[in-house]
Amino acid sequence: MKLITAIIKPFKLDDVREGLSDIGVAGVTVTEVKGFGRQRGHTELYRGAEYVVDFLPKVKLEIAVSEEQLDQAIDAIIAAANTGKIGDGKIFVTNLEKVIRIRTGETGNEAL
Amino acid sequence: MSNKIIKKGGLLAVLLLLPSLAFADELNGANTAWILTATALVLFMTIPGLSMFYAGLVRSKNVLSVFMQCFAITCVTSILWFVAGYSLAFGEGNAWIGDFSKVMLAGVDRDTLSGDIPESLFAMFQMTFAIITPALIVGAFAERMKFSAMLLFSGIWLLVVYAPVTHWVWGGGWLGSMGVYDFAGGLVVHITAGVAALVAALVLGPRKGFPTTAMPPHNLTMTIAGAGMLWVGWFGFNGGSALAANGDAAMAILVTHISASMGALTWAFIEWRKFGKPSALGAVTGMVAGLGTITPASGFVGPGGALIIGLLAGFVCFNATQFIKQKLKIDDSLDVFPVHGVGGILGTLAVAIFASTELGVFSGYGFADGISSIADQFSVQAIGVVAVIVFTAVATYVILKLVALLTGGLRVDEEAEQQGLDIVSHEETGYNL
Amino acid sequence: MSNKIIKKGGLLAVLLLLPSLAFADELNGANTAWILTATALVLFMTIPGLSMFYAGLVRSKNVLSVFMQCFAITCVTSILWFVAGYSLAFGEGNAWIGDFSKVMLAGVDRDTLSGDIPESLFAMFQMTFAIITPALIVGAFAERMKFSAMLLFSGIWLLVVYAPVTHWVWGGGWLGSMGVYDFAGGLVVHITAGVAALVAALVLGPRKGFPTTAMPPHNLTMTIAGAGMLWVGWFGFNGGSALAANGDAAMAILVTHISASMGALTWAFIEWRKFGKPSALGAVTGMVAGLGTITPASGFVGPGGALIIGLLAGFVCFNATQFIKQKLKIDDSLDVFPVHGVGGILGTLAVAIFASTELGVFSGYGFADGISSIADQFSVQAIGVVAVIVFTAVATYVILKLVALLTGGLRVDEEAEQQGLDIVSHEETGYNL
Amino acid sequence: MSNKIIKKGGLLAVLLLLPSLAFADELNGANTAWILTATALVLFMTIPGLSMFYAGLVRSKNVLSVFMQCFAITCVTSILWFVAGYSLAFGEGNAWIGDFSKVMLAGVDRDTLSGDIPESLFAMFQMTFAIITPALIVGAFAERMKFSAMLLFSGIWLLVVYAPVTHWVWGGGWLGSMGVYDFAGGLVVHITAGVAALVAALVLGPRKGFPTTAMPPHNLTMTIAGAGMLWVGWFGFNGGSALAANGDAAMAILVTHISASMGALTWAFIEWRKFGKPSALGAVTGMVAGLGTITPASGFVGPGGALIIGLLAGFVCFNATQFIKQKLKIDDSLDVFPVHGVGGILGTLAVAIFASTELGVFSGYGFADGISSIADQFSVQAIGVVAVIVFTAVATYVILKLVALLTGGLRVDEEAEQQGLDIVSHEETGYNL
Amino acid sequence: MKLITAIIKPFKLDDVREGLSDIGVAGVTVTEVKGFGRQRGHTELYRGAEYVVDFLPKVKLEIAVSEEQLDQAIDAIIAAANTGKIGDGKIFVTNLEKVIRIRTGETGNEAL
Amino acid sequence: MKLITAIIKPFKLDDVREGLSDIGVAGVTVTEVKGFGRQRGHTELYRGAEYVVDFLPKVKLEIAVSEEQLDQAIDAIIAAANTGKIGDGKIFVTNLEKVIRIRTGETGNEAL
């Protein structure tokens, strides 16, 4: 199994989740994160004190999938999250050695 | 009793017109009703008003410490004012200071009057001023001062700086006798607090990381809500300073409101021109500048004058803020001096101009008894400003040094500052959302 | 001066009874004390009250923009009211509009009276109404309007819509002369604001994503706290509209309170029945509906009538909200029209019924001079409602189109809407917790 | 009418002195102005004051439920007070309870007076007391009670406990006739609420996880802001209970303020000594203790007495809180009994001492008519305390059992408690930051 | 070394942490996350506007352990986090190539 | 490619980010986390109810780097985040099988 970690723009969350549902991926874990990258931040001004905010709000999705689902899932994420503008984010894939469903103790693909 | 009421020529005429006011030493229920309300409004300015205004501006880890400082100051100064402060400020005494005749409000009974309101009410109304003045200073040393040092400082400062200056101006002292105009506390409240703030900022030194590290306000919604409360409460501050429910009070709140509006708009428009965008924080800061600046003038000028005063307040205080922070690099953390100190000075001087009855639509209601020109009133005002600045600066410096000795340093240590005062000084956290 | 006081039959009797009120042109301290307070209370309704109520309902990224809009409107309308609005509303003029005789409050001095309170106070009290009315409209175009366009719109609207309608009803204009009943601003405040809101929502169009994307309130605690402030401040709004500290004012706050309570309970119970659970947002929305609806009626009906009015308010405004949002799919984002507009209409019509002295425990205090039946009073009220709706709708539409021309479009662009107005328009963020 | 005014010897003298007060059955505008204001202030105590104070103390998932409980109680008790509560409390009746003569405020018109203020105003002012008392109890059963059960309980409790006790003390009942001193509600408000809270905490049982799981306040900034509002509003509570704008009202707010300050300082200093650090929550809790404790005494003691009462309040209520929570392990979740109940008892007894005119600087203004020693006044007070505790405890217990029957259990189920009442009972969430 | 990522119900956090302490795992890093899965969310209603919340608050634990501790740690988590009801969560295991303690520069099992 | 996960003290975030920029690592994803470890927490007291807070605010950085950058990046993090006091945090390294830039679809080192 593989763990997909996708960092996307927050307002794309609903689209991506729907895209994943459509291909049968039901489970996702979402974290609010801040991203530094090429996309430029903005400046805030408080009583004349300038404050450059170079991190941007992003959303991180973690999705455990079977090998078979991997490519399809990646495509679905790209399709939904792509705006063509800088800051669209990244997808990382790592290997998952084990997956367990706490409720039942099931492991492997069953546990997804 | 505050001598500002005595100053006003028209009072006698009013007294004669109103049958129920025929005797000056009889309680006036209407005035009492209004000053009861005004007292609540001025307390409302400090808690929750000012404490929210300030607390929203610091970082999350210090939010409770600011609330606690404002709250503790409220309590300590209340007790001290009752015990000795009121007597030192309003006891007969001499030109410089009151006396101990009213210690623990001796002789102040339910029936005792001050003018035509209960003296207990007058003392209580003034107490709310004695509360907010040291509370204003909190903005200068926020996020780094020891709680014990802060408490000691505030208590001593109340008795050593605030009470005498109040006596000078309102308690029958030398400045009042000279005919200085200070309707609701430009000298007494804003200049003393502003100057003390500047001195405290210099003595304590900047917060670790200032000015390179960004320290953005952690909750501007709290600050803006507090600002709204300050505005509303200020009606009690300036309107209550008429000590009567009459046209003076009404005009005072009208000019207060206009100055606040102009101050806010001016600050926001400067930002708009200079930085491309007007900010909410800028607007409310300009509003506070407008309020602080009109304060000494509020009973003496008309709405046209207030328009100009508000405009000046926004402009001058904006530039003072930039100057202190960016040029002098002084960490007066919440900009107490440039807003309150500079505003107080500006208003105390401007009243000499806009009190004039000869400025057409910008006219006010005339100079103090025995003064007949803008220049003469101005020189009295300038003497007041200089005297209060110098006295406050010196006394505040000495008190801080003394407190530093007593508490082994005014600041928490570096690690504590890193961790934040909420945990370190109070063992609490503001938010567990 | 507001003619509602003249309308009330019993006034002369009261005047004769009270020695200190024997001359109508003498200042009444008690009334002045209460209106000073009421003025503070009505300002409190807008800042921080309404601004918190509204700001909590939008998404986090727009929270400061809502605060800023309410604040900036407060400042701009205050200045405009002082400069010209008051004169256009309360200057003698003709049946349609006042005049320029009181521009910059010319002739309004500390001693000038309006009835038995200072005219400066009357102008200031009315100013707080002139502030909240355009501020109410903010709810319709929240989260998408350009700040510049918003500011321009509000200023023009104040002078072109609010001031004339005020003149019609309270300033000696044609509706007042017909005997229309509007104690504290059903026509003047709630219908004008509500109708303008609906027009603005239609002209600007919905927020991107409406109605499919969920846009839940970002901070209901702020909204509920603001709602509490609105309730408290409304005592000044309706009670202060008696312009006196007497039984009329007392009865006005009593009926106000009862209507608010019933409105809240009704809304919450409908939710309970319909959706299975009563919500806090539902309760406070019903409360505001109850308050808005009783406003025009508050000086004319008794507590029994208020009970029914509150019940109707909850029921009708609830259904109006559902209808506008779910059937018409209009993005009046914070439901200004269904709550204030519909409530204002409902209350303005209902007063014709519950003012009747012949309804037993639901009786009120009688019709306007020269009107003797529910039907007659109702037709006057209906004329008022229709006239104000039509005029407001047309004028608001024209102003919006004009402003769109001047500012190159009323809305921020799509990306800015995405990012949120706080950063885009004000370069600030609400929370850094 | 509240008999506390009748109790005060000096009233007649005052009446004779003031021409405009010559007839007792003539409206006094000044007093009316102040009580209008005080009414707004007391409503402000509950919403938003108390609701914020309480809501900040619970966990995030229950924040709206607390707001909703306070709000719903406000609405329900207002209607019930209007319909029957006022009549049961202040209708003539007998020594134990009023009657139905004023049901739906029958006979209360705009011109009807109660003393020298409108009766509609008196009923409204008292309504705000009837609102806050059941709202105080919310703290005991927060985070676990069913909304329906809470609503039913509060309504019944108002009529069955609050109204009779009010009659006993202020409505012409047996305790008032005995000369019991309760200026603004030590017996009527704080003891009834505190004892009901304790009973409710015992009957409902602790929150799941208490006392092992940590349940830290989710937003202390909200709590402290609410505390500030409580303080300010309390001026209306205690100062308004003079039912006049005079020296009594002024002295009442002065002693109120001093006791609050001392209570806060005492609590904070105990923490400082005992735990090493003073907390903001400690300070505001001590402040509320000081306020609750001075309440019954506020019209009868002087500022010196208030100093001691505040000190005692901080000390006794601090220890009561520790005892209830750590020794008895009762989950009176927001410490209603140890703060309000114990404070109310303490103040009701202490007034017997500090009302004495023979304590030098700690003197008060004398005992009730016909009572001439501390001991005699004390025994009357003690009778009052015991009677109110026993009656409240028994009646509250019975009501709770009855409500449990009607609603199928007072508590939400365990899973609902886990998930939080906001979603489970109201389908909302407090924050979407 | 292995990295255990466990997604659990928030109110089980204390139990799980204690369970881990008991078997000698001292370090844990915790993140508040939102989970989508089979467990159904709830509906919120704001003035009649329905809003289906299909993400649920979860807590994510990341625990670096040695190979030897792995099974024991997994068992401890399951024991503490299991309620038998849907939504109990998942455990993911990935391989850790390197662990370094910043303070000392220690690496490998020493750094845990 | 490798994924570096660094858990550091919050006030070191700016230093670490600068350190990484200096060696040419432009992208970082940041999460606010709570850490349990050897560093002791503190006690909070609410009206006498003691509440031991044994989790501490930490910041988690996730940085995808090429193999070549790995050591340099680790060194930069250690240099910037080290205070020598307990609680400085950990660095974990895992293998990244795939990296994709959503905007362009680029993969591998290009996508970093």
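Observations
Each chain gets a letter, A, B, C, D, E and F, in the order it is written, and its residues are counted from 1.
Assume a contact is a pair of C-beta atoms (placed from the backbone, for glycine too) under 8 Å apart; a residue touches a chain by one contact, two chains touch by 3 or more.
Just so we're clear, the structure is a prediction, and the values are computed from it rather than from any experiment.
Counting only chains that touch, the fewest steps needed to get from subunit A to subunit D is 2. Of all chains in the assembly, those touching subunit A and also subunit E are C, F. The chain pair with more C-beta contacts between its two chains, of C-E and E-F, is E-F.
Between subunit C and subunit D, two chains of identical sequence, the interface residue sets overlap only in part, with shared numbers making up under half of the total.
Averaged C-alpha coordinates give centres for subunit C and subunit F that are 53 Å from one another.
Note on chain placement: the centre of subunit D and the centre of subunit E lie 46 Å apart, centres being C-alpha means.
In subunit C, 19-20, 28-30, 33-34, 37, 216-217, 219, 245, 275, 277, 279, 281, 427-429, 431, 433 are the positions where the chain touches two or more neighbouring chains simultaneously. Residues of subunit F in contact with at least two other chains: 31, 44-46, 94-95. Remark: the chains found to touch one another pair up as A-B, A-C, A-E, A-F, B-C, B-D, B-F, C-D, C-E, D-E, D-F, E-F. Interface residues of subunit A, counted against subunit C in their complex, comprise 11, 14, 42-46, 53. Residues of subunit B that touch subunit D in their complex: 19-20, 26-30, 32-34, 36-37, 39-40, 43-44, 46-49, 51-52, 55, 63-65, 67-68, 71-72, 74-76, 78-79, 82, 104-106, 109-112, 117-118, 120-121, 123-124, 127, 147, 219, 222, 245, 425-433. Of all residues in subunit C, those touching subunit A in their complex are 213, 418, 423, 427-429.
On the side of subunit D, the complex with subunit B involves touching residues 10, 14, 17-20, 28-31, 33-34, 37, 41, 59-60, 216-221, 224-229, 231-232, 235-236, 239, 244-251, 253-254, 257-258, 260-262, 264-265, 268, 275-281, 283-284, 287, 303-304, 307, 361, 365, 431, 433. Contact residues on subunit C toward subunit E in their complex (touch as defined above): 211, 214-217, 271, 275, 277, 279, 281-282, 285, 318, 321-322, 325-326, 335.
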